[in-house]
Amino acid sequence: MRPSGRQLNEPRKVSIETGVTMHAEGSCLIKVGNTHVLCTATLEDRAPSFLKGTGLGWVTAEYGMLPRATNSRTKREAAIGKQSGRTQEIQRLIGRSLRAGIDRSALGERQIVVDCDVIQADGGTRCASITGGWVALRLAVNKLMKAGLIVSDPIVDHVAAISCGIYGGQAVCDLDYAEDSEAGVDGNFILTGRGKLCEVQMSAEGATFTRDQMNQLMDLAEAGVAELVAAQKAALA
Amino acid sequence: MRPSGRQLNEPRKVSIETGVTMHAEGSCLIKVGNTHVLCTATLEDRAPSFLKGTGLGWVTAEYGMLPRATNSRTKREAAIGKQSGRTQEIQRLIGRSLRAGIDRSALGERQIVVDCDVIQADGGTRCASITGGWVALRLAVNKLMKAGLIVSDPIVDHVAAISCGIYGGQAVCDLDYAEDSEAGVDGNFILTGRGKLCEVQMSAEGATFTRDQMNQLMDLAEAGVAELVAAQKAALA
Amino acid sequence: MRPSGRQLNEPRKVSIETGVTMHAEGSCLIKVGNTHVLCTATLEDRAPSFLKGTGLGWVTAEYGMLPRATNSRTKREAAIGKQSGRTQEIQRLIGRSLRAGIDRSALGERQIVVDCDVIQADGGTRCASITGGWVALRLAVNKLMKAGLIVSDPIVDHVAAISCGIYGGQAVCDLDYAEDSEAGVDGNFILTGRGKLCEVQMSAEGATFTRDQMNQLMDLAEAGVAELVAAQKAALA
Amino acid sequence: MRPSGRQLNEPRKVSIETGVTMHAEGSCLIKVGNTHVLCTATLEDRAPSFLKGTGLGWVTAEYGMLPRATNSRTKREAAIGKQSGRTQEIQRLIGRSLRAGIDRSALGERQIVVDCDVIQADGGTRCASITGGWVALRLAVNKLMKAGLIVSDPIVDHVAAISCGIYGGQAVCDLDYAEDSEAGVDGNFILTGRGKLCEVQMSAEGATFTRDQMNQLMDLAEAGVAELVAAQKAALA
Amino acid sequence: MRPSGRQLNEPRKVSIETGVTMHAEGSCLIKVGNTHVLCTATLEDRAPSFLKGTGLGWVTAEYGMLPRATNSRTKREAAIGKQSGRTQEIQRLIGRSLRAGIDRSALGERQIVVDCDVIQADGGTRCASITGGWVALRLAVNKLMKAGLIVSDPIVDHVAAISCGIYGGQAVCDLDYAEDSEAGVDGNFILTGRGKLCEVQMSAEGATFTRDQMNQLMDLAEAGVAELVAAQKAALA
Amino acid sequence: MRPSGRQLNEPRKVSIETGVTMHAEGSCLIKVGNTHVLCTATLEDRAPSFLKGTGLGWVTAEYGMLPRATNSRTKREAAIGKQSGRTQEIQRLIGRSLRAGIDRSALGERQIVVDCDVIQADGGTRCASITGGWVALRLAVNKLMKAGLIVSDPIVDHVAAISCGIYGGQAVCDLDYAEDSEAGVDGNFILTGRGKLCEVQMSAEGATFTRDQMNQLMDLAEAGVAELVAAQKAALA
């Protein structure tokens, strides 16, 4: 029995509201159950210096959590003076995932920075960041195309992410915090709209898992991501 | 003529929505025109160590700005590795202002941390943080009292803040970003519900002002803060 | 009764000795009672990059305190690895105040850095830094003019500062440390030689004040700054 | 055709020399082809504070690379002043992987710190660190048991790791640097001696992969890790 | 011919003024030619934790340079966010030198922190810091003894320092900046009042020296330090 | 009696193995008794910016210690976020010493970075770093010359280093850790192949020494360094 009463294969309710800030070239507020992330995309004229002269663009991401997004207050990283290993790991994952859905040559020598800031956390914040971050990215690219700055669409496909894990001995879809903090095994699955894999990360804290369990989680993830992609489409329609 | 078309003494529309996050003991989203700040208050069992044994409590504040709260993207302070002088100055001001309305002895040896995170900026973010931060503080204190942890109300009065300045040669109330970036003189006025002064900061970048102008700004501020206090009362009603 | 035995409106004795270091383009040692600050001004050929091509110059300030300038030893900020919020707030104030008395266009695209290092502290170090810093600035500008590098004097007026507050229920002029640590309300008043206001900061730690008290403090400050300006003139004569 | 001339499913030669430093409780130098990592394990009497009173122990890891372990010199992280996101991600992975093979309750309230320092890099340094780190851990635990400080062996199984990826369109085992820098898809597979999975990370830089490819990589990894486990056993014999 | 016109074996004029700050337990302003250093000694009730229970005390030192102590402005270390290697090397030397003249058991479990801040630099700042720092230390210890907190004098002997080097091919005593910046070889010699050696550092930047030259420098140093010790005695008389 | 049973004037066994890493232009592993240091030299096309246009080259060094090179684990400086004062002092010494044996004009406007990483420590790590660092430097310069990038050999002479001290009241050569931690006086002596002095550092922790003792240590050092130079020659033969 899941704490939320959901079925084993039942993801949380998703809502994606676009255009939530007046300044960003693309933005949305994604709510995956009680996990709320504000995603903005910023267009920058120049690509990072390591791409100079290559004709290729770049998509990168930064991730943060408001101090009281969590049940007990988390110290502000700006006050501590550095981003934690966890934060860096997550923002590297978001950037890599979003780049998997981009034709960097069609984007040209410019950069898009996607900021994902967690307003409220209830598990799965990195996955929500990827799913919402893709929407913000899509909107920013639309703006570029509308302005005629690029001709062919650099976005190859949707990218969305879900976490699945073994909870109470059973494979469950879209872990919330209550499950995540108990799960011996959990994984993050980032897929495209056509079901291709961008990234898979499965990890067991102080435990192990079998290849069979891995396949069960993959099955759940494929179905779950399909629903997220549908939500992305609806939000952009 | 003000860029927004407002009268010289006309503050921006204010809305304060309470209970916006599930984890914080007190929270609100304050919108002062296009300036949006998420304020949360966290109750902590212990006061800072310098108060040990005094029987006095503490209220402190932290301030942050999401990278794309601004027109062009501001670098994330957590990534830079330190809070700017501006950020520190602002959060010290918020904390000092909120303490002006608190009886620290009635609060007892505990701490309340008020986090003010700017979601969207259009001038006056520090003032909106104080006005909204007070509401979050009020809600957290209500929780303390309801739980019977304190008997007499430590909140002595409302605290709210507004910025007024000399724009185009005339004193105007509640500067937005278009005005603020042009104003030779601007001030932040923090007052209580009964009109007492907590803090006054008037400054001229590369210019000076007269005592007469100072009094005009004070007059505008007194009227403006009264409207903010009314908005606080309405939000809490 | 004030701890020092001074009258309510009586500022401390001021002495300003110029030319105290062999390397700086302008320097002085200002003593306001027992508060001693060494101020140096450094001419730099280039303005900060944000002013490139504008024809405008810049004046900035840095502030520090020797570890044993205080009654108990203060940790060295260089050893801690960062400047405190207080330090940053103070040096931003000094820079802003000095710029209020400068015609940046007459200065041209160069920068003057004013360093204010507190040798001994007894309250009012930021005000002494402004008053002394202005003298160092004046001397460095004199050098620029003598060398024929600028033709018209960029210094528009004297700038000096004093702190006044409510001590023991009464408005007093030029708080020393014994008063400052007890005062519920204190303010810093930065004025020009002609009595114009550059900056006013009044703040109440855990208390409030009235507009009437604010006016009393302003009256004391106007008189007090006039004496400081006279001391600046004498030092430069 | 692989740059090294190896078969598609052929891992590199592995050698593990134990007891390479006089101070550490456990140590080895692992060479996986031209990738050389020095691994040491340090016994500490106390567990981290978050485990106080739980009766559980902890295994953690740190990772570093000598500046000239790489083809062009990498800046020293100690001189830069922080560990990169990559370093933190790797050392978190090593620690998590090693904990997957440990019964923390049998270990008791103590900590073992495994340091993995790359002497020479040619791809796959994080995997070599896990495989070698486990040997150092095993030796340190042996010392604990020999000293009678713990009674039942806290090590549940071997842990070893290999990277496999899609290179030139084909799944290959144990990527070296020449392959790794070209591979569109690569994964790190951490398994136990009995073939259970501890962690799987597959990622595509600017590309995607199929579930079928994922299974091919898994097959290669299972065979590759079996050889590594045999090498661990030989080294300890 | 030396730039200053001094004889080869002629040190600079030294003056030591004691009691220059109101807060420190011991203080002096030492002027060695144009090198001016403010030295303060702070008594602390507790020794560093590594001495707990040993009955031994500690003397440590910190060193800083005001930004405009030098010919062109040196960046403030507090603003940069760390002390340079040079600063750390110097303050470690000062502390070690002062401890050479102390009976730490007679001092008891307390610490004396000597701060040496260079007001104006013209070569030899570390040596002036040691010579002046010893005077501040002496005064602070006098205070301890007068208060009856310690019975037997922990100060075993004077400690003073001078730099000598090979300038223009000849051994010269007490290098000033003009010489120091040209000297191929220079050394710092720290001796006691009775002529014992505490520390000798001779170094050649891009050059070498002979044992004979080393002895010439030692001879100059012995004579030079004797004059400094006389100046210490005079200042304390 | 020395803990190791060595004669008073007997240095430890030295071995120097060259070509120990595949990437560096020059490398060696030096073992001085149980002190093992890996030294690599990296050729860089450009000299530091302060040498631009001078025609002069630069040699610099960095030093590190693996966490478990020591008896109890030393915290990783990369994790702490800064290099200790000790580390900086040592790497400055290594660089200065190596430059003493170089004709920077013959080297031309390029830089050689020598990294010295202590794999195992048993006293004298800075001296072993200099002796081994010189070999790595020699090999890298050989490569430069072989490639015809420089015509005349910039290496003027060997440079090697040894520590000698007063242990148990007697002057002994080449202190190991057991002696070093007890020695009241110890010194580092850096000499060239022809016996010229590059740097001499003698220091007494909480003690003093005589000029006579200084000469005894110098005598031991001269003999000891001659053996090290012979070992350098043998390794390069």
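Letters A, B, C, D, E and F mark the chains in the order given here, with residues in each chain numbered from 1 onward.
The rule is simple: a residue touches a chain if its C-beta (ideal position, glycine included) is under 8 Å from a C-beta of that chain, and two chains touch if they have at least 3 such contacts.
Chain by chain, the UniProt names read as follows: A, B, C, D, E, F = Ribonuclease PH.
Predicted, not measured: the structure shown is a model, and the values here were computed from it.
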item: Any chain that touches subunit C and subunit A; value: B
item: Fewest hops from subunit A to subunit F - one hop per pair of touching chains; value: 2
item: Both-way neighbours, i.e. chains that touch subunit F and touch subunit C; value: E
item: Chain whose Cα centroid lies at the greatest distance from that of subunit C; value: D
item: Computed distance of Cα centres, subunit E from subunit B, in Å; value: 51
item: Between subunit F and subunit E, distance of the C-alpha-averaged centres to the nearest whole Å; value: 28
item: Where subunit A and subunit B are represented by their mean Cα positions, the distance between them in whole Å; value: 33
item: Centroid spacing, where centroids are CA-atom means, of subunit C and subunit D in whole angstrom; value: 59
item: Residues within subunit B bordering two or more other chains; value: 81-83
item: Cyclic ordering of chains (reference subunit B, direction subunit C); value: B, C, E, F, D, A
item: For the subunit E and subunit F complex, residues of the former touching the latter; value: 82-83, 85-86, 88-89, 91-92, 96, 99-100, 102, 104, 157, 187, 192, 196-211, 214, 218
item: Residues of subunit D touching subunit F in the complex; value: 21-24, 27, 34, 38, 40, 42, 44, 62, 64, 66-71, 73, 76-83, 87, 113, 115, 117, 119-122
